[in-house]
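After this come two complexes, each holding chain A, first together with chain B and then together with chain C.
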Partner chain A sequence: MEQFLSLFFFIDKLPAWVLAAGMRWGIDMACLCALPNFFNLILHFIIGGIIVIMLMQYGIRKNFFLPLLLLGIMFSGVSKFIDWIQNMLTATGNTVFFSYNLDLLVEALQFIGIAIIFYYIFRSLFASKPSLTKPSNL
Partner chain B sequence: MIPTPAPAPLLNVILHGAVFLFVLSTFVIALIVWIRRKRETMPAEESESWEIFVLGLFFYMVSEFSDLFTPSLRASLGMHNYFTEFALLVGLAFIFIAMRRRLLIVSEAEQGEQP
Partner chain C sequence: MKKDLLIPVMVIMGVLATAYIVVFDWEYNLLEAEMGLIDQLLLSSEENPAGLVQQGSVTAYLGQMIFWTFSLILLGLVWAGFLFPKRPLVEKIIFSLPFGVLVMPLIFVIPAWIISAGKIGGELFGTGMPPYYGPTVGKIVYLISSNHEQGYEIAAVLGFLVVGLLILGITKLVRKDGTVS
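This part shows the complex of A and B:
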């Protein structure tokens, strides 16, 4: 089991100066704790931005496809933000930070977010052929 | 520093499992619908949207599978976190590319219908 874990957690194998740099600056090169979460958070901002631009371009449709998609990405984004905070506390602290309650909150928010996103994308994909699509299908 | 695996609270396991099963079932349904519709001569651009959506769901599902182990490990660090988050990043990016493509196709169709 230890060998299996060491595949995932190579933090102990890193030189001390790399660990020290990670903890000092929170740049997170030491344990890759929060860096991937940070990229995910940025992606959520980019997607949210694209949806806002599309909202301005196409306007709010009858069945609120874009606003609800934005709501979904906001839920997912908040969950990723909390996840990032958890991992950042590990990156900048002296020990691994993990809270079961925060983990529950992260998963619950993610569940709500993706449920909204998947439902509305599915609905859009299930709409009739593009040539026959009515405006209300958006 | 490496956390030793420990039994996680049932609620955490259930919620992580629920998210994984939800994404897994969405992936399977999307895959079946896409294959069945493709057989019924689905237009190429519509098929592409489905293809990207299914691919995105696959990456998202892989990420959630990896995330299943987070509560028992009581952390998501190093390669575990790297794998989980980047699979999710790729999956989410594909899902939203599919959504945007679909929206553009529908929008073009609408403009074509207008006199």
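This part shows the complex of A and C:
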């Protein structure tokens, strides 16, 4: 197993330009969470955009599934934005940035966003549907 | 007709990401080692201008984010080109971002995951620490403290791009009826 694992450590075999590019553009492992958070934010924008397009196309109609889904995505997106800002403040500052209150806010917003999305998804799944049986007088 | 692979691929990525998170949340020694080095490695300073995050510049930091976003979208589009060519562009982009995040740190995540999973298994089953844990964790900590993992990130993305382009080229050459043009 040790021999197999040693296959992954080949930094001395990489060309110098790859290492130079790594130093120029690489993101430190400790800061790597910044990139998933950034992508997460982009995905929130994409999904939010799709919901807005659907709302414009289909309207609100009688149920509020799409507006509530959008509200959930907005809460979750704001949470990810604050999270990413904290990553950026650490990465570009002179000390490790950590605010307990901001961290708590991130978790709370994420929880509210997910709760709204899940509440409405489950409500839709378990909503009572009209009976498909024919009325007896027909 | 070729079967559409979007859902199976996304499910596999989700399983891999969950396994990755569960193991690293459990076995956080590596993270702890890295966190202890943040001041030295991550933060910019006059003594360490080559540092890691572009000398503390917000615009350069945003530049890094944009660079990786476009690089990983390009990588994802190449792989989506043969995995699910018929899917719309927005779905390919949605696939690209998590796919890129999984690929980027892969070279040091695989050994780190194996030794962490081995240690967890050893604790659960009472077999003790696996013999390969110590030497490998030493190599990983050296890798991180020497700022070499960034070179691996570039190498992994380039490697996957080349492999993806090769597979895409082969699938384009092979016709629907299975004959090679």
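Operating definition for what follows: the second predicted complex is superposed on the first by the 95 of 138 C-alpha atoms of A that agree within 3 Å, B and C clash if a C-alpha of one lies under 4 Å from a C-alpha of the other, contacts with A are read in each partner's own complex, and residues count from 1 in each chain.
Just so we're on the same page, contacts are C-beta pairs under 8 Å (C-beta built on N, C-alpha and C of every residue); 3 or more make two chains touch, one makes a residue touch a chain.
Everything numeric in this text was worked out from a predicted model, so none of it was measured.
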| item | value |
| --- | --- |
| Partner chain(s) touched by A:Leu43 [first = chain B, second = chain C, both, neither] | both |
| Chain B versus chain C as contact partner of A:Val18, first or second or both or neither | second |
| Touched partner set for A:Leu69, first chain B, second chain C, both or neither | first |
| Contacts of A:Thr90 with chain B and chain C, given as first, second, both or neither | both |
| Superposed model, chain A: greater residue contact from chain B or chain C | B |
| Touching partner for A:Ser79 - first (chain B), second (chain C), both, neither | neither |
| Chain B versus chain C as contact partner of A:Asp103, first or second or both or neither | first |
| Intersection of chain A interface sets (partners chain B, chain C) | 1-2, 5-6, 8-9, 11, 31-32, 36, 39, 43, 50, 90, 95-96 |
| Residues of chain A touching chain C in the complex | 1-2, 5-6, 8-9, 11, 14, 18-19, 21-23, 25-32, 34-36, 38-39, 42-43, 46, 50, 88, 90-96 |
| Of chain B, residues touching chain A in the complex | 1-3, 5, 8-9, 11-12, 15-16, 18-19, 22-23, 26, 30, 33, 43, 45-46, 49-50, 53, 60, 70-71, 73-86, 88-89, 92-93, 95-96, 98-100, 102-103, 105-110, 112 |
| Touching residues on chain A, where the partner in the complex is chain B | 1-2, 5-12, 31-33, 36-37, 39-40, 43-44, 47, 50, 54, 58, 69, 76, 83, 87, 90, 95-96, 98, 100, 103-104, 107-108, 110-111, 114-115, 117-118, 121-122, 124-127, 129-133, 135, 137-138 |
| Touch list for chain C against partner chain A, complex | 34-35, 37-39, 41-45, 50, 52-53, 56-58, 61, 64-65, 67-69, 72, 90, 93-94, 97-98, 100-101, 104-105, 107-108, 110-111, 114-115, 118, 130-132, 135-136, 139, 143-144, 147-155, 158 |
